[in-house]
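A short write-up of the structure that comes next.
Think of it as A, B, C and D in the order they're written, each chain with its own count starting at 1.
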């Protein structure tokens, strides 16, 4: 339990290291094309070309048009721009919006803000496995519904939503559809040439790209109100000097992801199975999310009669998350797991293991042993009184 | 005039290359502490410590408290958050705001947005040398004035405003004072332990730090409305996964700047003098901005009877700016120079040379020759008809 | 941001809770609140707290507070229990303010333990 | 973002404006609008545009358009001037839409030149 021990990082859903080729590409750009892509001179145009190339790389990953890519600082900003921007743009037509209770904070808090501004938000519940039944969405759509926002892959549980089915319903009702793709783009197949999606949030640092850069996919013809002002960059939708090196890094990460995500998924599936096989026998353990069909990079489990914070400390030097990593400051039991029907106590004991490209069988084996040992040790501390 | 020739970069006011030590620090963090600083485990805490250290580095540069540093994606976002955030927070007290006509677009466009939202903005004019006489500000302040926003160093002309004098007037009238310090922090002395400033926007890429990261200094006790929502990061004022490597890079750039800005200023002064001495004899040339006392990294000149875009092309492979680099897409004559009393034609012919740490006398000499030659060549194209 | 949430004492006591366990046939104090549960048990001889043990369902600070209490009071006169205050422990363990309530559960458990010792004494 | 604003033809004509200058005692066409000014001068012989020169205050596209016009029409019959259209030049030079108006100034100048030649002819 000491900080000196070698860290075992199983928190890839929080953030990933830079791919070596991405880092190299960024260095190259930093050295030779560190210019402002908006500058109207040779140097600026060099950087502008790099930005344009990165847009084609990201567009190729998601099978979209490069012109539909808007650069942002990450998925939080993309979600804010998509939701506030679309709601604002369409409010004269109606003020009803739809989302789920299990969305990331960067969606939930945006809708809460819109509620304060006079919008009406319907918060849909998932089934016990975390999925939204399309009929439930269908039933909630009204004449004045303007926007539906549903995430692709849940950051806590790995639950995968039926984006095609949900999108089809939105199209049918002519409602805009935003998808928080922070946990999916670069990790699973995302084909926007067939998926009926209008807006999708993307962040590079979840798929081995740089932190501090993301994108918003904006389908052709979709209008948004800008949320930041100043300068003519990016069709006035999102001003600010473009970080050409970060954008180049995102582009490179996208190209790498396109080539290897299928292999990554096989690797992750095997790791997840090994981990689950190793801890499934712990008394009172419960898997949070889908048994099958979820994103294999995440395994989220609760366990009876264990205090979550002590469990986390007992697991050191394993680096895993309790609740949402993006929100782990708060000691509140995860609202995502509560929405899946878990009790406060179950939600409080939840641990999210999230694996990545570099995760090895050995690390999984250490994780298994640590988990079993930690649960046993904490149970020893409180026999009988923990019923 | 061909792209093959070696670029001569004289656009440091648009953006700067990474300092080698900054790049090294970022690599180190990318390799060993790429974690999410909000993650509640050993790895996350490692990254959190790096972020905390960077805050002390930036705070030391501006002589402020580390707790007053809020991380953003750059000065555009900082300006938006400061101005929209302060105006929103204080609107129940009054809706009058004060700024200058010569601010950066990332301030101007924010105030334009506030005008559309029902705020009243007074746009102060500078004197012919670009400075705001404090009396003019004093006279414009009303009982319902809530915020004054004045930039420290102008990005087009290098004009330096009297932040101490302006701030004193704001304090006296209990009006919040925001300073766009994008062109000053890291380049000149900024001492917030004595300057009466409530909010200051900072961006790393103007002082040899990374692009895509900036900060907003928020003085103790100053309340802002958040402009982005989601997650509990940064006291809910600015959510999103913190880019630990970029933040570490900003911190390092701040430490380096603190040690060398005085020497940089001497170097720049000498270069600017050399450049001005070299071109001052061109017929019809006019210096835009302060003769003395401006920021020495920028020299902005107009010249009679020359079309600016052709001048820019004729100067290749010199990389210089016309109008504002951050806005050089638009071919409109610079509104900043117009506010200094320049005619459209003069503004249109303006060239901003901006020098940096790596600029050499040789490069200045090439710039001088190119400028003289280009002006002569274009005048040859249109003798007589250009009166 | 998550700067170090546990000081070295908390880490030490959490890693080595030497006084975890139960004293068979000892006097028992118990309290639960705020989702935390603590059980203290003690063997008393010659009006002294001879062997002091704890069990708890709680966060690392609660576990460390229990261990700290046992270390401090083992061997001392029963009468000293009356003087127990959680404030010094909170200081030693650098318990964050939002957790203060949890540590007060220990105070209640100690009171309950004192009562149990008294009851046992009267029974004999 | 500033992707390449000038194609290779614009760059070539801008760098080598071979037809820049004025024909002394030639017929002169002049027009100004949108801040652009163009002067064309020509020496006419046997109803042909023998030597064609331009002067201009304008952006690179305007300069290149003038040069392109001179290159195309030098040596051709005066009557051809009537057929001049700026559209093909705009295409060859990939003139951005927002600059279309500027290039139309060239059309007006060519018309003025045609008129001047006619006037000169009548004068003679």
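We take it that a contact is a pair of C-beta atoms (placed from the backbone, for glycine too) under 8 Å apart; a residue touches a chain by one contact, two chains touch by 3 or more.
Here the structure is a predicted model, which is why all the values come from computation and not from measurement.
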Chain labels contacting chain A and also chain D
B
Return the chain whose centre of C-alpha atoms lies at maximal distance from the corresponding centre of chain C.
D
Rounded Å distance between chain A and chain B, as computed from the means of their C-alpha atoms
33
Per the C-alpha means, the centres of chain B and chain D lie apart by a whole-Å value of 42
Roughly how many whole angstrom separate the Cα centroids of chain A and chain C?
42
Distance in whole angstrom between the CA centres of chain B and chain C is 58
Multi-chain contacts in chain B: which residues touch at least two other chains?
38-41, 44, 233, 242, 328-329
Multi-partner residues in chain C (2 or more other chains touched) are 1-2
Using the touch rule from the top of the page, what pairs of chains touch, sorted by label?
A-B, A-C, A-D, B-C, B-D
List the residues on chain B that touch chain D in their complex, please.
1-2, 305, 307, 309-310, 313-314, 328-329, 331, 344-345, 348, 380-386
For a test of understanding, state which residues of chain A touch chain D in their complex under the given definition.
37-41, 44-45, 48-49, 51-52, 233, 242
Residues of chain C touching chain A in their complex?
1-2, 6, 11, 14-15, 17, 20, 30, 35, 37, 39, 55-60, 63, 98
Per the contact definition, I'd like the list of chain B residues that touch chain A in the complex.
3, 7, 9, 11, 14-18, 23, 27, 30-31, 34-36, 38-44, 73-77, 79-80, 104-110, 112-113, 203, 205, 210-213, 227-233, 239-246, 312, 316-322, 325-330
Mind listing the chain D positions that touch chain A in their complex?
1-5
